[in-house]
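Taking it in order: structure first as structure tokens, then the write-up.
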Amino acid sequence: MRHTKVLTAAIAVVLGAIGITGCSSSGSSATGKVTLNYWAWAPGSAQEVADFNKTHTDIQVNYTNAGGGPQSSAKLLTATRAGNAPDLSLVENTSLPRMVVAGAPLDITKYVKDVKNNFSQGSWSQTTFSGQTFGIPQDVGPMALLYRKDVFAKYGLSAPKTWQDWRNDAATIKAKDPKLIMASLSTDGWGWYAAVAAQAGDNWWTVKKDGSWNVNIDGKGSRDVMSFFEGMYNEHLIAADPILSPTYNQQLNDGTMLSWPSAVWAPGVIEGVAPSTNGKWALAPLPRWNADDPTVSFQGGSSVIVVKTTKHPEQAAEFAKWLNASATGANLILNVQNGYPAALSGQQAAAQQKPPALMPQQTDYYSIVQQIDKHTSAVTWGPDTDIAASAFTDAMNAAVQNHTSWAGALTATQKAVVADMKKQGFKVTEGQG
Amino acid sequence: MSAITTRRSSTTGRSHLQTDRAKVLPTLILLIGAFYCLIPVAWVFIAATKAPAELFSSFTLSPGSGLVANLRSLFTYGGGTYGLWAANSLLYAGVGGIASTLVSTAAGYALAKFQFAGSRIFFGALLAGLLIPGITLAIPQYMLLSDLHLAGTRLSVLLPCIISPFGIYLCRVQANGAIAQEALEAARIDGASEWRIFRSIALPLMVPGMVTVFLLQFVGIWNNFLLPYIMLSDQRTFPLTVGLSQLLNQGSASPALYSVALIGAAVAILPLIALVLFLQRFWRLDLISGGVKG
Amino acid sequence: MTQATVASEATREGARGGTGMVRRRRRRRTIAPYLFSAPAILLYLGFTVIPVIYALQSSFFAQRLTGGGVLGIKRTVFVGWGNYLGVFQDASFLSGFGRLAIYGIIAVPLTLGLALLFALLLDAPGARIRGFSRTMIFIPYAVPGVVAALMWGFMYLPSTSPFSYVTRQLGLGSIPFLEPHGLFGALANISIWGGVGFNMLIIYTSLQSIPDELIEAARLDGANEVQIALRVKVPLVGPALVLTSIFGLLGALQLYGEPTMLKPLTNSISDTWAPLMTIYRDAFTLDNLPAAAAASMVLAVGTAVVSLAVLAIVRALTRRNNA
């Protein structure tokens, strides 16, 4: 009979646990208060949501950390298809067209007419397609160069103006200290390469007047860009290690890595990994291909979308507007999230900010950023950036491992992207367009 | 017995040498094996003591000075999320293990002690199910649970974990070996109901197998990554495996929280190591190989 | 009633060919097994059979664009065998099987070989500190894959590896764990490390069930420990070895966790390094469940063929040995 008691107890535990775990949170209560679910991953999002909840009694937001950008996009699509999606989600700009094609974001053009002017043309174009707006930009990443000012000064160098200057500086330093590398450009940095190619004049995806796509990943400008960096790699001036791997982090920490061509959100990242190097870095405009042309692209950047299956589109749009377009929201993005707000008002406020902890000595940090931002152009992302990412990374891995042409990776990527777009049913042309 | 040993030891010299070598070599090899299995685990504990700044700048096997600080950041990360993850792991593994054991025991008993139509098909289908990779089943399972409005809840992780072909197999072996058909028949003739027979005759005899199945399921569910990763999106429902993975895969715009992940990993493997160390004698793995003979 | 009287009554019943009453009781009893297996059957139907049918069905469809404009919306469309054709035309998926073969040839025999070796050593008279070794070798079983990959990742990376540190001090340079040719061994090592303990215990407990008389008889015949191990013990644990081999083979064919976890640390592992990685990428990253489902069916059929082949070979070998 002892065993019966144990058996009964076991069954009771299981049923009890099922009872408890079967509960989940949901929609709106009888009092008219609306509860929204918001997926994001940016640090500080929890606090942003908490601040919103404090000041809004009719709308409450539940924040869920759904994992990094690519992960949460994948989950979002599956969840939408299963009828399980949140009301709002943070989405990387590179993934947004893909999500529109998959049917996840809601067309919120009519809800956001009033905040449109708070964003630059470039930022707004990241979320608007054919006149329909599918999201509100949250943060943008104007490209810039972070470099170890102390090491550069030691060898009598200042911030490079062009990419060729950057290369020459690398060679100079290498001759004196072979251990150092100028940067590490990881093989999965397709978005970075696309942005730098755009800086050289080659846009990987463009939309033609008749609404069809033109894919130009394999163009001459892009090939020259790849060959340039391949040359630096072959001379051991740069490495190609996976980004933020333990090796990468170690190189940041012990001063082996001298610069990081990236974007204005980068200081927070370096500081998180290598806090001992605070005070040694500085920000400069990204090196140019053409000394007279200061245009740079955005790298990264994300937006908030309202998911199509939401039951409260208007309230969801209101939260998105508060977070991304209001002064309070932009302030939080800047200070708590360490991001550069897409909203112009936020960027104005940023100019008054103290510089990031990584370069406290660079008091004009944010005015440099504002200058950079005046000359940014947005990159158009295609509807199958996931295929591009996968094909590019695999091809680059092979190229680096086998010492074959990096430009060849572009060919492989072009082939995969065009084949996929055609299979999906898009009208595609190739070439300089 | 003693006759043999005395006969052995009476042959001088050579056999003594053989006996010594017989001791040293196996012991040495076993020690090397133990060392090989231990080094990475030891490394995790050492690395967990390093402060973030030391992690990539000091020699790999030297302990650091940041243990207490790391523990503090671990348990305050996300406002105490790590504790939640640990509780979730315990819930999934504990409740899932119990439920799985109960279901497997009942099914194993039925398959072993009854000849019923479809039993062989069912058992064959169970084993065939092992051929399909879990990843393929995951999305349809997710869709199914979404239809039931259970996706994303803790139940969506518990329910699929309950069915365990291997557990049913073990219980079948145990039932075959431990329960005499005559005892069952005798009780039936006595007029006892099947449920009573199961409860008072079969179950007590199956306890050793049930404990093994529970322990195997507990470890299996605790270490499971893919299923909870796919089913769950709310960080507060994650088990330790998914939580740790999230710490490491923040994406290229934010650095992996290596220090927190390492201390988290160290703390996460402690309960299982304790389980293995102290409950070893309950692992009746002879069931596994015994079943093959049968 | 005592056991004896019950037994004798039962035999008397049986001898008479059973009475009507017994037959009636037996019929009532036939629902019992169904009730006992009901929870398992229901769960199995729900979480294995239905998902397999769903996946199979979706493998005949695909997402195609409808609607005009720059970004139309995708809809599901029937494509027949299109996805399966795509699988066999996908060079990277197929080459994944080649890599699996190399990985499997290293991982499976080594795991089983080491497990067998350790089990035999634990069983050998004269080995010391048995309990300690057995426990330590079993510990990796308790470590989740995520943590194991993290550990070994740090052990492999030249900048943090204690092994490479030693070889660098000796002037030999870093050990190329994560280079393409070293990768197979590195990945195999992680799964060997994780699998030896569990398999060792299975074989060890099987060894325990060998009657002492057999061992003593062999010793009497003058066999030394090695001969006893090879000629007596190993054949008698044959069934356990077959079981662990099949599981090892299944595990190798379904390799996914280790390469995925090491991927962020090195350039040598592509998205499609192992077939199951391609399936994962299609299902989740590329949001293409139909293609993933088709590839999974191919993988499942391949796995079944390999497993049945192994079983057939074993059966033929044992028949030949017994004959």
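By written order: A, B and C. Residues from 1 in each chain.
We adopt the following convention: a contact is a pair of C-beta atoms (placed from the backbone, for glycine too) under 8 Å apart; a residue touches a chain by one contact, two chains touch by 3 or more.
None of the values given here were measured: they were computed from a predicted structure.
S.K.: Between A-B and A-C, name the chain pair that shares the greater number of C-beta pairs in contact.
M.R.: A-B
S.K.: Of all chains present, which has the mean Cα position farthest from that of chain C?
M.R.: Ranked by distance of C-alpha centres from chain C, the top chain is A.
S.K.: Taking each chain's centre as its mean C-alpha position, how far apart are chain B and chain C in Å?
M.R.: Here chain B and chain C have centroids separated by 14 Å.
S.K.: If you average the CA atoms of chain A and of chain C, how many Å lie between those two points?
M.R.: Whole-Å distance between the two chain centres: 39.
S.K.: In chain B, which residues are in touch with two or more of the other chains?
M.R.: 56, 102, 139, 143, 230, 249, in rising order.
S.K.: For chain C, what residues touch not just one other chain but two or more?
M.R.: 154, 159-160, 264, 284
S.K.: Can you tell me which residues of chain A touch two or more of the remaining chains?
M.R.: 70, 78, 246, 250
S.K.: Within their complex, state which residues of chain B touch chain C.
M.R.: Within the complex, chain B touches chain C at residues 1, 4, 18-19, 22-23, 26-27, 29-31, 33-41, 43-44, 47, 56, 59-61, 102-104, 106-107, 109-111, 113-114, 116, 119, 122, 125-126, 128-133, 135-141, 143-144, 159-160, 162-163, 168, 182, 185-186, 188-190, 194-195, 198, 219, 222-223, 225-226, 230, 240-241, 244-245, 248-249, 261-262, 265, 268-269, 272-273, 275-277, 280, 283-286, 288-290, 292-293.
S.K.: In the complex of these two chains, what residues of chain B are touching chain A?
M.R.: Touching chain A: residues 52-53, 55-57, 78-79, 91, 95, 98-99, 101-102, 139, 142-143, 146-147, 149-155, 158, 199-200, 203-204, 207, 230, 233-235, 246, 249-256, 258 of chain B.
S.K.: Using the touch definition from the top, list the residues of chain C that touch chain A in their complex.
M.R.: Within the complex, chain C contacts chain A at residues 63-66, 68-74, 92, 153-154, 157-160, 179-180, 264-272, 281, 284-287.
S.K.: Which residues of chain A touch chain C once you look at their complex with the stated criterion?
M.R.: Spelled out, the residues of chain A in touch with chain C are 70, 74, 77-78, 97, 100-103, 129-130, 187, 207, 211, 213, 240-242, 245-247, 250-251, 383, 386-387, 390, 393-394, 396-398, 400-401, 424-426.
S.K.: Can you tell me which positions in chain C touch chain B when the two form their complex?
M.R.: 1, 3, 6-7, 9-10, 25, 29-30, 32-37, 39-41, 43-44, 46-52, 54-55, 58, 114, 117-118, 121-122, 124-130, 132-133, 135-148, 150-152, 154-155, 159-162, 165, 193, 196-197, 201-206, 208-209, 216, 219-220, 224-225, 237, 239-240, 242-243, 250, 254, 256-257, 264, 276, 279-280, 283-284, 289, 292-293, 296, 299-300, 303-304, 307
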